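Quick heads-up: structures coming right below.
In the two complexes that follow, chain A is the common piece, with chain B as its partner first and chain C second.
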Partner chain A sequence: MMTKVKAQGLVTDLMPNIKLMQAAGHFLFNYHSDNSGMSMLLRKVYSSVHAVLIVVNYVCMAINMAQYSDEVNELTANTITVLFFAHSVIKLLFFALNSKSFYRTLAIWNQSNSHPLFTESDARYHQLALTKMRRLLYCICGVTVLSVASWVTLTFFGESVRFIANKETNETMTEPAPRLPLKAWYPFNTMSGTMYIAAFALQIYWLLFSMAIANLLDVMFCSWLIFACEQLQHLKAIMKPLMELSASLDTYRPNTAELFRASSTEKSEKVPDPVDLDIRGIYSTQQDFGITLRGAGGKLQTFGQPTPNNPNGLTQKQEMLARSAIKYWVERHKHVVRLVASIGDTYGTALLFHMLISTITLTLLAYQATKIDGVNVYAFSTLGYLTYTLGQVFHFCIFGNRLIEESSSVMEAAYSCQWYDGSEEAKTFVQIVCQQCQKAMSISGAKFFTVSLDLFASVLGAVVTYFMVLIQLK
Partner chain B sequence: LNSENLFLNRAKIVMKIMGVWIPPPNESIISKIYKFIMMFFQYLILLFLIIYVFQMWGDLDAVSQAFYVLFTQASLCFKVTVFLVNKNMLMQLLKQMKSDIFAPKSAEHESILILYASKIKRLLLMFMIAAQTTCALWALKPLFDDVGSRKFPIDMWMPVTSENSPQYELGFVFQFVTITISAYMYFGVDSVALSMIMFGCAQIDIVKDKIMTIVSIHDAKEDERKKILQDNHKKLVECVIQHGAIASFIQITENAYHTYLFFQLTGSVGIYCMSALRILVIEWQSMQFFSIVSYLFVITSQLFIFCWCGHELTATSEDLHTVMYKCLWYEQDLKFKRDLCFAMMRMSRPMIFRAGHYVMLSRQTFVAILRMSYSYFAVLNQTKKN
Partner chain C sequence: MSLAGSCVALHLRFLRCCGYCRLAGGDGYPPLLRWLHHAYRYFALALMTAYLLQQCVYAYQEQTDMDKLARVMFLLLCHVTSITKQIVFHVDAERIDEMITGLDDRLYNEVSEKQAQLLSTTCVRAARLVRVYTGTAFITCTLWIVFPILEYANGRPVDFPFWAGIDYNHSSIRFLLVLLYSYYATSLEGIANTTMDAFIATILYQCQTQLKILRMNIEILPDRARAIVKKESNQKYEAVLWKLFIECLTHYKKITSTSKILQDIFGTVILIQFAIGGWTLCMAAYKLVSLNVLSIEFASITLFIMCIFIELLLFCYYGNEVKVESDRLVESLYAMQWLGTPLRFQRSLLVFMERAKQPLRPVAGRIIPLSLETFLTIIKSSYTFYAVLRQTK
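This part shows the complex of A and B:
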């Protein structure tokens, strides 16, 4: 259902990413300002054309792999390339099939609660998140463009051959192949001439768009994680003022006016000093008012001298602010938990596929790496594949790890503000928060594994182990 | 009792002589120049070694021989640079060491601090002696092994050849002095990081001691009970504040020194492989063999000291949780019990010192590194044979 969604919340923050994804051909049809039938149709046609081209070229590469599967080296190299670009095809399909889930995750932060005392902190961390997300996007875009450029450059070095197994003598021969970035079967002859140039142009386009498709989706995932982490930082930052606010309700504190200072810039009325109230002189006993002055929820009356229940003489408004601050904190934390759960549900399966394919790719690359015998095109391309694949895994592992660390450090933040001086209410709040935050929030790949630096270390260790074993077998 | 001097006096003296300790606010030009010259010589040796490795690329023997010296020197340059860059954090740590929270309040506390300080100083002294022995053996190598031919103690690219007489001696002295200085700098920088960790351990022990001094109200008279309960609660709060301060102290230490620890841990694997490969090749009666063995001992001991310290910290902080339970909590009032419950919940999480914010320093890590190096060594050995 393509409804016109007003850009707010996460969508506004991620708009450059979304626009790039739409340009790369993902089936992302929401979040356009113009939703007329004609432009919608054009966009669908655009995405479909991209999808068809990408899948067709991918199939051509697979056909090439099947054609020349006799010789081991050629087969391995082609399998690695096919697996490498399987990520793009899978991510394209995954997004197309799961777009509702993505829209839901993007819409989760559309309505967020707010509290007048904490808006400044909220804005600051939101801005931090935005800066980091933009920086990540630029970085990954740069890496993609650089990879494509270096791939195309590397095509012009070395011999443009493929390996054939001579069936009689069982030794490897080379036969000339078209000097193209990717080895693929085309129905036309691409050795030279206009067809060669056409195929080359097609392949450059294909390289750029397929890498962009895969990387932009990963960037979106990591941007969500950055946002969640910055929200957790915000919650940690407001823990201390929150404790003091809560303590001011039933423990005498010398500087309670300071705590409410932020609110005075928001509210138009001046926050009155308790001493200034000359009503106090008139309405000094509760008896004069009885039940009628009791606000909803059994709030304290603040006219009159500080009562035992209200040692700091807070006004009704201040008391409401203090009580609602805890509510704000808890609701915001629950919102973050919802966001993380939604991220995990949306992207978990994609991560699982990514890790499966990457594991196989890295095993084959370890084998290829044992055949490196000098500084040549083969070495550069193998090392390039290796670095890129490991880099992709590292990319989401590092952000997953940060989420785990941030969410488990909320407990330490709660513990480090002086809870022992606070009120019973403050202590209970901190205690319950700590109980909940003992279990860290993490993203799992469809519950098979947790995305963290441990995952990356085990992948790296596995590659090195295979490499060592294979070298010994040679 | 000055904690800083107790833990760091040796390191401070050594590093002041080397010119790399924290400079006073109005540092004179001379000391700045001195520091610059010291650092320059270290980087110069590193450069020479790199040139040598590039020259000898392809010859596995020569490369492995040069490699372990190269790694040591690179590690040292990195260490001292990180140390100098993070001197603000070090000043913060030293200030915290002298603060009231960490000041010993009884003779018992002082003896705990002295015990931990002596432990770490003994271990570091052993490391220092081993390092100096290695330097001496390296220096003696040309005199014993290659008698007749004039070679430098360490194979590296030298701007002077060993033929001409005054230049050979100068080069020899330059190498020997700079390597000895680098060993002392190693000792100094490692002392600082390790002493901080052991200081954290000592403070945790002090917290344990404090909580056990909770007085029983059983024998007290009726009117004194309230005062004793209040005192006990105040002690608990002090313990909580001190524990929080120790946690942040260790966190600052980790932030300051985690990079070079990580570099060292990952590099140690390569060092073990290369050194083991050399040992297999060299005749065991030569000075070079002994120098490599002694060098391996130095690296192993350094690695072990780090992993041991990290493990001590984790084990001591886990123990704190148990000790909190051993105090006389069941006689105290409800407020004490609820606060104790909360404090124990926090203390159930042990303090972990992680190199590179990732690799936990513990005895298991030490064993894992040895196993990893052995497996790499086995593979490289096999490759060489084929």
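This part shows the complex of A and C:
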């Protein structure tokens, strides 16, 4: 059975990300063009195999950590690695358990309203959002591949040993360990030979896929935020023409025809059917094709009878366009609010776990950083972990912060347009919108904290404080 | 009892059996029974005060022995919070009754089918909470009497953590008496304490549910008005809209007042609870690390720590939920189809939005908000105390 799934809205925009997530082994089974039973089964098997491999190797690493827990330095290093990859396991499980919620968020933008006068602006900001999302995806993919490459390269430098505490003399001795990217317990001997190569290959695969799993989910979250921000930009941009349209309804304004001329030459010249006066009907993607409004040389063209109490001589169609513009704005804003609420509900708990684990990891890394004594493998690996962990936190903090800024600046946009010229209806509309926008839209980590640059600053501050204190204690 | 009021029915039954809460006013109890229950309540208060004093005497006697002092201190602190709550239930019984009957109000209970389902879920969850929580406390208390029995059976000297005034180590009858007294006092206190906490948390939970219902009503306000006008064609749209709006306003006022009464009655008690809870946690943790992992005492102290944890978390979690829900009120007001309603209505909507911007923040003792941040602060502080205690060891 070959049913074509029509990708629309957010799903179309995020399709490369979705495809990559499916390739990395996330339990993402929607949005395929081929939904036959056989391919579904194959995909489920593929994801399960990845999941099993990732969890099994993770457990091997944990066993290794438990085995060599006597010596403090060894234990700290192993704990950091285990916590570092806990993100991947948690995100894999989180997505598998919460996939309905993700699908719901992805489907929220499937039906969006449109207005003939604002389609050009809508398309422009949508394109901007798309570019930014793609750029982010490429950037993060590049960083992931680079990290894996540098990790594997670093494995070949330095001594491949592990620290053991000698129980009698209480000294630390070194014991040769296999030269692998990750320290893990395997049931077979990995010191040399074919088993060594097999383990090495497994670990390269594991590094790449587990980092990809964690990062791609974060990229999806940030892409949603980018999309919401660009929609808010669009709403801010059309506030001014909206007010002028509204003003044209009852105050004389010169060059009213300019308002009704939409810059794009394509579909925006269509007028919705004036019979359909129930304003809910405008909330649709179809447009009834009527007479074009563009006059020659900017002169006001009148079609049908001009309404008697309109100082600008607008026709009934134009008047309806003007009135429906506010409706479009409000409905679009409500849609964005719903999208942001859904994003917060979907991803909030994952962010909470991420922050919990990152806090513990960064504390341990601050301790490790005090032991750096020169430019060697240890220094590079510690700094690498530190930059990567801080980078992950920064990644979602910056987009969360942008959302907060954008949503609170809508009020400024509302104020800076010429609202005093608008109708009574428009002025009340501005007031109600300002009330809503005073509370900025933000993403919260399961109600414990708000995702913003303040969070990043506090995390960074805490790490630096621990580091300074520990240096003093040495 | 109404649907909203029945969420605290189980709590009140437990509290009345323990002699903490007075009997309901309107029920047909004969005056003799009322008088007896009144006396029982005073007896319970006297018993608890006596037990507390006995513990204080013991603490004074053993002030040099760190171990024994820790053992009696965390029970003592727990009892202090329990007694403060008991005193509040005695002194403010009038207002507590007023709050409970307020839950039977028409505004809280005239709901649609979907909302009635919400209310019954609240009741079910509240009942489950009190059963689990009180059950855990009861099990902990029962576990605690196992050690004295075992030790006495093995012939070792038993040391109860309170001053008994008699030598119970050489006489089985005396030992039994003291044991039963200890068991009765601690389990009464355990059950009543946890039920009172669950009671406060359930009122907060009910406020949250009512806010949810209010938001649901607000979001479809113009649609409801239109449906009513369609059904009863003699009513005008604007009049119906207005009536429904005022109903929502009154509902909000009622929720605010319930939350305020709760805060007024229990604010100081919750503040004391927070202060003592953090300190108790660290003392219990200090005791815990010196025990063998597989002993019964380890299990009972762990259960005790969990009870304290849950106690603090209950208030903070439900307080946080109320705040989050009331924050969403402005969004709900915005989400209704206000575009197209009369201008007069939109202006009144603005005034309501202005009021709704102030979230309903339950506070303890007028300063400390009941939220998850407070909870994290308490946990961090008790860990700091514990670390300092370990250093002084």
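Criterion: the second predicted complex is superposed on the first by the 422 of 474 C-alpha atoms of A that agree within 3 Å, B and C clash if a C-alpha of one lies under 4 Å from a C-alpha of the other, contacts with A are read in each partner's own complex, and residues count from 1 in each chain.
Please note the rule applied: a residue touches a chain if its C-beta (ideal position, glycine included) is under 8 Å from a C-beta of that chain, and two chains touch if they have at least 3 such contacts.
Everything numeric in this text was worked out from a predicted model, so none of it was measured.
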{"item": "Which superposed partner A:19 touches (first chain B, second chain C, both, neither)", "value": "neither"}
{"item": "Touched partner set for A:327, first chain B, second chain C, both or neither", "value": "second"}
{"item": "Partner chain in contact with A:425 - chain B first, chain C second, else both or neither", "value": "second"}
{"item": "Which superposed partner A:472 touches (first chain B, second chain C, both, neither)", "value": "first"}
{"item": "First (chain B), second (chain C), both or neither touched by A:447", "value": "second"}
{"item": "A:435 touches, of chain B and chain C: first, second, both or neither?", "value": "both"}
{"item": "Which of chain B and chain C A:100 touches, first, second, both or neither", "value": "neither"}
{"item": "Which of chain B and chain C A:261 touches, first, second, both or neither", "value": "neither"}
{"item": "Chain B and chain C contact sites that coincide on chain A, given as residue numbers", "value": "431, 435, 438"}
{"item": "Residues of chain C touching chain A in the complex", "value": "320, 324, 327, 330-331, 333-335, 338-340, 343, 346-347, 349-350, 353-354, 357, 372-373, 376"}
{"item": "Residue numbers on chain A that touch chain C, as the complex places them", "value": "279, 326-327, 330, 334, 337, 341, 424-425, 428-429, 431-432, 435-436, 438-439, 447-448"}
{"item": "Contact set on chain A toward chain B in their complex", "value": "411-412, 415-416, 419-420, 427, 430-431, 434-435, 438, 453, 457, 468, 471-472, 474"}
{"item": "Contact footprint of chain A on chain B as seen in their complex", "value": "236-237, 240-241, 244, 247-248, 338-339, 341-342, 345-346, 349, 358, 375-376, 379, 382-383, 386"}
